[in-house]
Amino acid sequence: MKILFFGNLREQLGTGEIELPLAPGTNNIAELLEALKQRGSEWQQALSAGSLLCAVNQTMATRDTLLEDSDEVALFPPVTGG
Amino acid sequence: MKILFFGNLREQLGTGEIELPLAPGTNNIAELLEALKQRGSEWQQALSAGSLLCAVNQTMATRDTLLEDSDEVALFPPVTGG
Amino acid sequence: MITIAVQAADFDTGQEIRQLQADRTDVGGIAIFTGQVRDTGDKPLGFMHLEHYPGMTEASLQQTAEQAAQRWPLIDIRIVHRIGDLLPGDQIVFVGVSSIHREAAFNACEFIMDHLKTHAPFWKKEYYRDGSTQWVEAKNTDQQRNARWDQHN
Amino acid sequence: MITIAVQAADFDTGQEIRQLQADRTDVGGIAIFTGQVRDTGDKPLGFMHLEHYPGMTEASLQQTAEQAAQRWPLIDIRIVHRIGDLLPGDQIVFVGVSSIHREAAFNACEFIMDHLKTHAPFWKKEYYRDGSTQWVEAKNTDQQRNARWDQHN
């Protein structure tokens, strides 16, 4: 599974993209976030923001959106275009 | 007193402007309209529309706006610019 | 700054917008409306004549712009309205408003159009290709739209 | 017709508007919004960087435009959004909507801006002249403004 990070979150994590096999027990975005938080204190802190948005296959998703290993997941702070 | 007519009203009356001394008893727009209606059946008909707008010295006015002989009065149908 | 023009000549919308943007770094948003001559009635339109009340027209547009400037925090207001004979598809009116914030720009632009439609002394007459003519009737919806701004006061 | 562009290059607002007007005689009104880079904070701005999510950005703007087209009787929608490094005063975004009636054009233009501000994956980072940087924070007022459109449903 490809996971992309944008904006401030990309800077906080020090990476814009990781590849990860979808682990057993990680069925939705909420569970993916919990799994990613185990990667270290920066991850724990950066991914705890309730305002964090997510997209699955380039469409806005929610915490309970289900995941497949072939998905492109993106995590990012609230958008500020326009 | 100069009295201007615009749009459809100008066509109905066949004139865009008349000069008229302010007659005794003609103190406001409503009374001016009544006096003008005496000029003939076209005037009677054209000036009876309740939707008719008026301006005094190039500012929107109402039926009870008071008049002086030096005023520029304008009568016209609802506006349709834009 | 308020800029008003009533003219027979066409206007360059891009140039009008550049005037609103010109060398300023405090403009957050610009809301613009342009109106064109439509040819969507039953009878094909030859041209439209726009009659106006010289002198009062400019004063009326100025007052409308000043009301908008009192109501919202605006930077610049530009209004251009054409008069005379216009062909289908021709530009009639340009209203452009710049502000720090887009909400003020949107509201002011819509307010100016609604106010102009009900207060500025312009009258449209349509000349059809079959030789007949028709004065355009004022729309009740324009009155209603303008009345909204009084309720919001 | 819906036209979407996400690009580093500047755009010509006059040309965008001419595309909306182009040779059509059924357009009654065109509502436009343009946003510029502001320099009104405490620290003088050097430039602003606009990051985006390639692919999703275009899809998101397309969806927003389609929602507007379902909601109001529109003729054309054009959205241009720039990315990369922009200087104070530079144009960021163009939203133009043409319709037979001005009410639909105004509503759709404002809806698209509100939706874009809360849904399109763009992130602004400010680079100040003193060398410091700051990610622009999302505004609660943008969320509230966008929520209005749900209530009106």
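Order of writing sets the labels: A, B, C and D. Residues in every chain begin at 1.
In the analysis below, contacts are C-beta pairs under 8 Å (C-beta built on N, C-alpha and C of every residue); 3 or more make two chains touch, one makes a residue touch a chain.
Just so we're clear, the structure is a prediction, and the values are computed from it rather than from any experiment.
Engineer: State the remaining connectivity among chains, in groups separated by ' | ', when chain D is set aside.
Structural biologist: Minus chain D, contact groups: A | B, C.
Engineer: So, what's the distance in Å between the C-alpha centres of chain C and chain A?
Structural biologist: 48
Engineer: Between chain A and chain D, what is the gap in Å from one C-alpha centre to the other?
Structural biologist: From the centre of chain A to the centre of chain D is 26 Å.
Engineer: Using the average of all C-alpha atoms in each chain as its centre, how far is it in Å between chain A and chain B?
Structural biologist: Once rounded, the distance between the two centres reads 71 Å.
Engineer: Can you list every residue of chain B that touches 2 or more other chains, as numbers and ranges?
Structural biologist: Within chain B, residues 82 contact more than one other chain.
Engineer: Which positions in chain C touch two or more other chains at once?
Structural biologist: In chain C, 35, 102, 113 touch at least two other chains.
Engineer: Between which chains is there touch?
Structural biologist: So, checking each combination of chains, I get A-D, B-C, C-D as the touching pairs.
Engineer: Note which residues of chain A are touching chain D in the complex, please.
Structural biologist: So the residues of chain A in touch with chain D come to 4, 6-8, 10-11, 51, 55, 58-60, 74, 76-82.
Engineer: Give every residue of chain C touching chain D within the complex, in rising order.
Structural biologist: Counting only chain C, the residues touching chain D are 12-15, 17-18, 21, 23-40, 45, 88-89, 91, 100, 102-103, 105-106, 109-110, 113, 141, 145.
Engineer: Which stretch or stretches of chain D touch chain A in the complex?
Structural biologist: 35, 50-53, 55-56, 59-60, 81, 92-93, 113, 116-125, 135-138
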